[in-house]
Amino acid sequence: MINQVPVSYYLLLGAILFSIGAGGVLIRRNAIVILMCVEMMMNAVNLTFIAFSRYLDSATGQIFVFMVMAVAAVEVAIGLALLVELNRHKQTVNIDEINSLKG
Amino acid sequence: MEQTLFLLIAAISVIAALGVVFNRNVVHSALSLLVNFCALAVLYFMLNAQFLGIAQILVYAGAIVVLFLFVVMLLGAELGEKVTSWLTVQNGVMAVLAVILLTVIGTAVFESVIQGARGDFTPEAVQQYGQVQLVASALFTDYVLPFQLVAVLLSVGVIGVIWLAQRHQQSSARREFHD
Amino acid sequence: MSQFLLSALLIIPLIGVALLVLIPRENKDVLRWTAFITTLVNFLVSLPLYFNFQSGAGYQFEEFAAWIPALNINYHLGVDGLSLFLVLLTTFLSAVAVLSSFSAITEQVKEYMALMLLLETAMLGVFVSLDLFLFYLFWEASLIPMALLIGRWGGERRIYASVKFIIYTMAGSALMLVAALVLYAWGGTSDLPVLLQTLDLPAWLQVWLFFAFALAFAVKVPLFPLHTWLPAAHVEAPTAGSIILAGVLLKMGTYGLMRFAIPLFPAAVPVWTPLLVTLAVIGIIYGALVALAQDAAKKLVAYSSVAHMGFIVLGIFSGGPQGMSAAVLQMVNHGLSTGMLFFMVGVLYEQRHSRLFSDYGGIWVKVPVFGVFFILAALSSVGLPGMNGFVGEFVILLGTFKVNWVAAAFGTFGIVLAAWYLLTAVRKLLFGPFNPANSGLRDMNGRELAIAVSLVVLFFVIGLFPQLFFKHITPATDALAERVNTTILAWR
Amino acid sequence: MTQLIWLTIAFPIAGVLFNGLLGRRLGHRVVSVVGPLMVLASFVVGVGAFADLLARHGEAVNVPLWTWAAIGSFEVNLSLLVDPLSVLMVLVVTGVGFLIHVYATEYMVHKDESGHAHPDRDFARFFTFLNLFIASMLVLVLGNNYLMMYVGWELVGVCSYLLIGFWYDRPSEEQAPIDLGEGAEPVKLPPLLSPAASGMKAFIVNRVGDVGFALGVFLIWTTFGTLQFADVFSQVPHMAEAMPAVLSWIALLLFIGAMGKSAQIPLYVWLPDAMAGPTPVSALIHAATMVTAGVYMIVRSNVIYSHAPGVSMFVAVIGAVTALFAATIALVQVDLKRVLAYSTVSQLGYMFMAVGVGAYTAGMFHLTTHAFFKALLFLGAGSVMHALHDVIDIRRMGGLKNKMPVTWLTFWIGGLALAGFPLMSGFFSKDEILAKAFEASPVLWGIGVLTAGLTAFYTFRAIFIAFHGQPRDRHLYDHAHESGPAIRFALVVLAALALVGGVLGLPAFLGLPHALDSWLAPIYATGEHAAAAGEHGLSLGLELGLMATSATVAVLGIVVAYFFYVVNPAIPRRMARSLRPVFVLLANKYYVDELYNAVFVQPGLKLARGMAQGVDALLIDSVLVDGLARLVGQIGRQVSRLQTGYLRHYALATFIGVLILVGYFFLR
């Protein structure tokens, strides 16, 4: 199954997904959606890793994705836990109201 | 044929991604995230990374999206901001920035020829040994240390979450005591 | 024994601190006397420095020990004509300061005395170290005890004063550190004698390095625009703190100029001399004028220090050996006479807790002995012949006149202003109708008398027999002047 | 005895230490013995040295003490010079000094009605300072180099400061306005400065002069490389050709010092106010010795001045103008001591006129005679004050001659000498000056004669008001009594000296040797005697004529004074009323004090305050230093505002960072 699809397509797709994720992080104010967008950005990166691994015939790409997945999982878990905790205090997840870090 | 399949899947994933960002209802965006992950899983299969495709579905689609939905249910779906319209100036600026990032990476992707050390993970080898065996052999030989570290990371993560949640019980318990 | 003398001088105060730590906090008198005896012992140990000092030009009582061999930085101590009398002045004034603070300081006496002893070590370190980094170490070390002394036992705005004191001096000396590093890079070593022989920096670099060093020292002197920390620090410092601050810390600036800035960068001296001489002369006139307008005794004496230090800088940059050796002697003189003035003001402050002239007036009738000593101190500061001030000022102006008669003319006019503000101070304090508010004043007790008499005796010894001092100072300053002149000729 | 000359200084210093440390405990009697004894001892040593010097025919001897400082080419060895000029000054200083010390032992002790003696509270301190003054004056006079002269110069300045301000707790006094009779509005007089203020004024004005002197000394060292008199004077002739300008500058600068110390025109303002000090101080310091230091300095440096003709003429002119100026002010003074003070300024003007025209001997001669009769007059005034409980305003005196015969008689002798009455010492010395002045320029002589007349007039005006006529204050008159033995002794001895003083310098045509001229000749021998001051350029007839005119002018002054104040006292008031503006001007001393105050003192204080508040507190301290601190504080606050607390901003910041990095790496 030779791949007619050149690697640049995959990379371009990865880039698009990454940008949409970044845009989402910047636009949305709901913490949960932001976390989702972050997940999307990570996945875009995974995609490019696998694309490289496929076209450079080396397994390292895939192993990296493996690591990234682990990190992503932990990150979401902790993120959501924090979010829940935050909600306990501020009764909101809208990041604009959470500005106690003000200088 | 494969190209048309790729384009289809790509379109689905992009639309799903946009769905995540621009959906007023958090649950809908979570679901569109699920679609996106599945689309990506298919792409992984096409890129000869079957194990990761399965892992993608298992970890991301199965665990993380479910976790999101669980949290959304816990906190109540409507708590997000009441988005009146998407066309505020700020969103515009952000969107423009995102597009700029896209163009920058995009141009880079096309110009520079991908080069790197060609490994031995050729499709033929895959046929011969099987994709999972090859990945496993790489993983447990020269990447065994990262593997251990990931293990540590995951356990820390688990403990962290439990502690956070547990603290949550104590404080509420203590609060009753005080009030 | 004599070749470990300098290290002994540095260590004795530390031993004193150790003793203080052992003594419980309650019995204050034991603390006070231990501290005083330590400083006294240190003074007596420093006397042999003078008696078996051969008045050649070289460094004497040298001590050499590798400190950081890897970086070629070593613990190199030594004394020559420039620093001999400053060491003696430090040990003497430390003893005077400790003795004078017996009745002034009541709370936390242990910490106070410990800080005084640490300060003494740091100051001595500055004057005896012949290694650039060792010098810098002691230079910064001397800041901390003095700042704490001002900060803890000072007057109302003491925090402001001590913070200003630290930051002002640190800012100056930071630049010096940079210059020292550059010098170290060029010279390969930080040992002064070695540097003096081997160093040949390009002229432009010498100009900049001289600027860096001179700035740090100018802050300390203090030279005209950089002097505003001095009155603040003096007014808020406790009496003993002021004595040490005026008596010794200011001299570290002028000493630094003569020990490091001028010999290491002789080519830069003619470039910077006009500016520094102008600032010195402005300092003399400006310091005197501002002192004239002061209504508090301590501030007046503080500004008089600015004026007197102006003379010293004028002497240093007068080029001739006369100016330089007189400048060194004038450092000692200023230390003694301003130290005594601060001590006398302190004696009054202890009883009346007020520094304003308006609270005093006509007190000579109430405290005759105090009056006599105060007038003697004022006259020594005015530069009455037969006392120490005159020797320094006259010879400095003489030396400067030969090179730059305009500066000398302004400087000489400065002594009129000096007479004006000092005698105004004497008139506001001692003369005039008796101010009944001072009826509670007591005359000087035995302890204060001992200090005053010892200082006045020194005034007359220096005033009548300055040659005892010049014979040791002159060889060193001749070498310095000759080094600067030869470079100028070669350079030109 | 010459080798022991240093004793003359050692004795007074011993007195200072003794009285200073023990005086208070041992009571005033011991102090009043020790004080004068020390000065007497110095006098005896002085006479011994005088005898030796005579034997050696005036050949100078140096008595080395110790090396003061030796730095490279700057070498100063302290040593005392015993030569005719310095011995003469030693004798004058210690002689007159001793008499004044004896006088002071009684003057400083106030007797109340019951005859019980109350010594002044600081009796010991007074004698300590008086001895210190004698020692300083001797240092000035005996020093053999310009450094010691400068040291003495400043020391006597400090002593005069301490002694003027002796009664430091006395406030300034108001002076009663002068009433001109017939309903004319009385003339208000400025208040008298307090002792403390006048002491400080004296010191600072002296210091201004000392600045000139110091610069002169520096210039001497810079040009001649040495400060010793002998070396300097030997190089002067050669320097006169090489750099005459430098020589004139040296002469001028040294003269500025003399102006300050000897109260000449611009810097004389401190002397009248110095009268706030006790009268012995006025007599010793402000009449006989300190003020003559300027004249001594010029006579000592006669070689320099004779090679700087321009400056010498300037000196003469300043002297003449000061003489006339001071004499005019003295005409209307109501305070006896201030009349004498202005008279001293005037007589000093004479001396400077003499040395200005090169008549150094005449200057010294007048200095000596002036020391005698002016000290006598001051002591007489002191005796009057002592008797009238410190009242010195002559308008409250009158007819004291029958109450105080000795004082009155000695005052007369002093007055005659001061006025230059024929055969008195003042006559000979003043006449010699006028003769020499005539040689130099008739204008100077004219001013001199006019001033002589005025001198005679104001002297006898004071005498007639105070001692003759009817007592104006009955209460005071009743209490007046003749002073005690010590005062009378001093007055009589000084009167004798004033009488015979003339013998020192009899005019040549009498055939008798001019003692002083032959005595001082050696000091001129060092520099060849440029000005032909030695032999008389005048013909005998002309000299007799000059002497006659000055005699008649003196007598005329006395007669007019007698007519004005004894025969018909109304006349001076009527004249004053008619010439009111002139009278007011003189009474207020040409408003010179107010001028100096407005031009120097107030602007100085205002500048000081301006510098203190404006430049120091505001510009440097709060604007630059604290300003810098505030600036750093502000910068800190601004930067902290970047931390808005909104996650979006942080995300955006990170995003932009990524964008830049990616852009840089990919597009490079």
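So that you can tell them apart, the chains are marked A, B, C and D in the order they are listed, and the count of residues begins at 1 in each.
Heads up, the rule we're going with is that a contact is a pair of C-beta atoms (placed from the backbone, for glycine too) under 8 Å apart; a residue touches a chain by one contact, two chains touch by 3 or more.
This structure is a prediction, so every number in the text was calculated from the model and none was measured.
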A-D against B-D, pair bridged by the larger set of C-beta contacts
A-D
In terms of Cα-based centroids, which chain occupies the most central position?
C
Quick one: report the Å distance separating subunit A from subunit D, using the average Cα coordinate of each chain.
99
Cα centre of subunit A to Cα centre of subunit C, whole Å, reads 67
Using CA atom averages as chain centres, what separation in Å is found between subunit B and subunit D?
104
As a quick test, compute the distance in whole Å between the mean CA positions of subunit A and subunit B.
5
Quick check: what residues of subunit D touch more than one other chain, meaning two or more?
652, 655
Where subunit B touches two or more other chains at once, the residues are 94, 97, 101, 105
Considering subunit A alone, which of its residues make contact with at least two other chains?
22, 26, 29, 96
How do the chains pair up in terms of touching? List each pair.
A-B, A-D, B-D, C-D
What part of subunit D is in contact with subunit A in the complex they form?
640-648, 651-652, 655
In their shared complex, at which residues does subunit A touch subunit D?
22, 25-26, 29, 34, 95-96, 98-103
Report the residues of subunit D in contact with subunit B in the complex, numbered from low to high.
652, 655-656, 658-659, 662-663, 666-667
Hey, which residues of subunit B end up touching subunit A in the complex?
2-3, 6, 10, 13-14, 17-18, 20-21, 26, 29-30, 33, 36-37, 40, 43-44, 46-49, 51-52, 55-56, 59-60, 63-64, 67-68, 71-72, 74-75, 79-81, 86, 90-91, 94-95, 97-99, 101-102, 105-106, 109-110, 114, 116-123, 125, 134-135, 138-139, 143, 146, 150, 153-154, 156-158, 160-161, 164-165, 167-168, 171-172
Mind listing the subunit C positions that touch subunit D in their complex?
164, 167-168, 225, 227-229, 231-232, 286, 289-290, 292-294, 320-322, 325-326, 362, 364-365, 368, 375, 379, 384-386, 390-391, 394-395, 397-399, 401-402, 405, 408-409, 412-413, 415-416, 419-420, 423-424, 427, 430-434, 464-467, 470-471, 474, 477-478
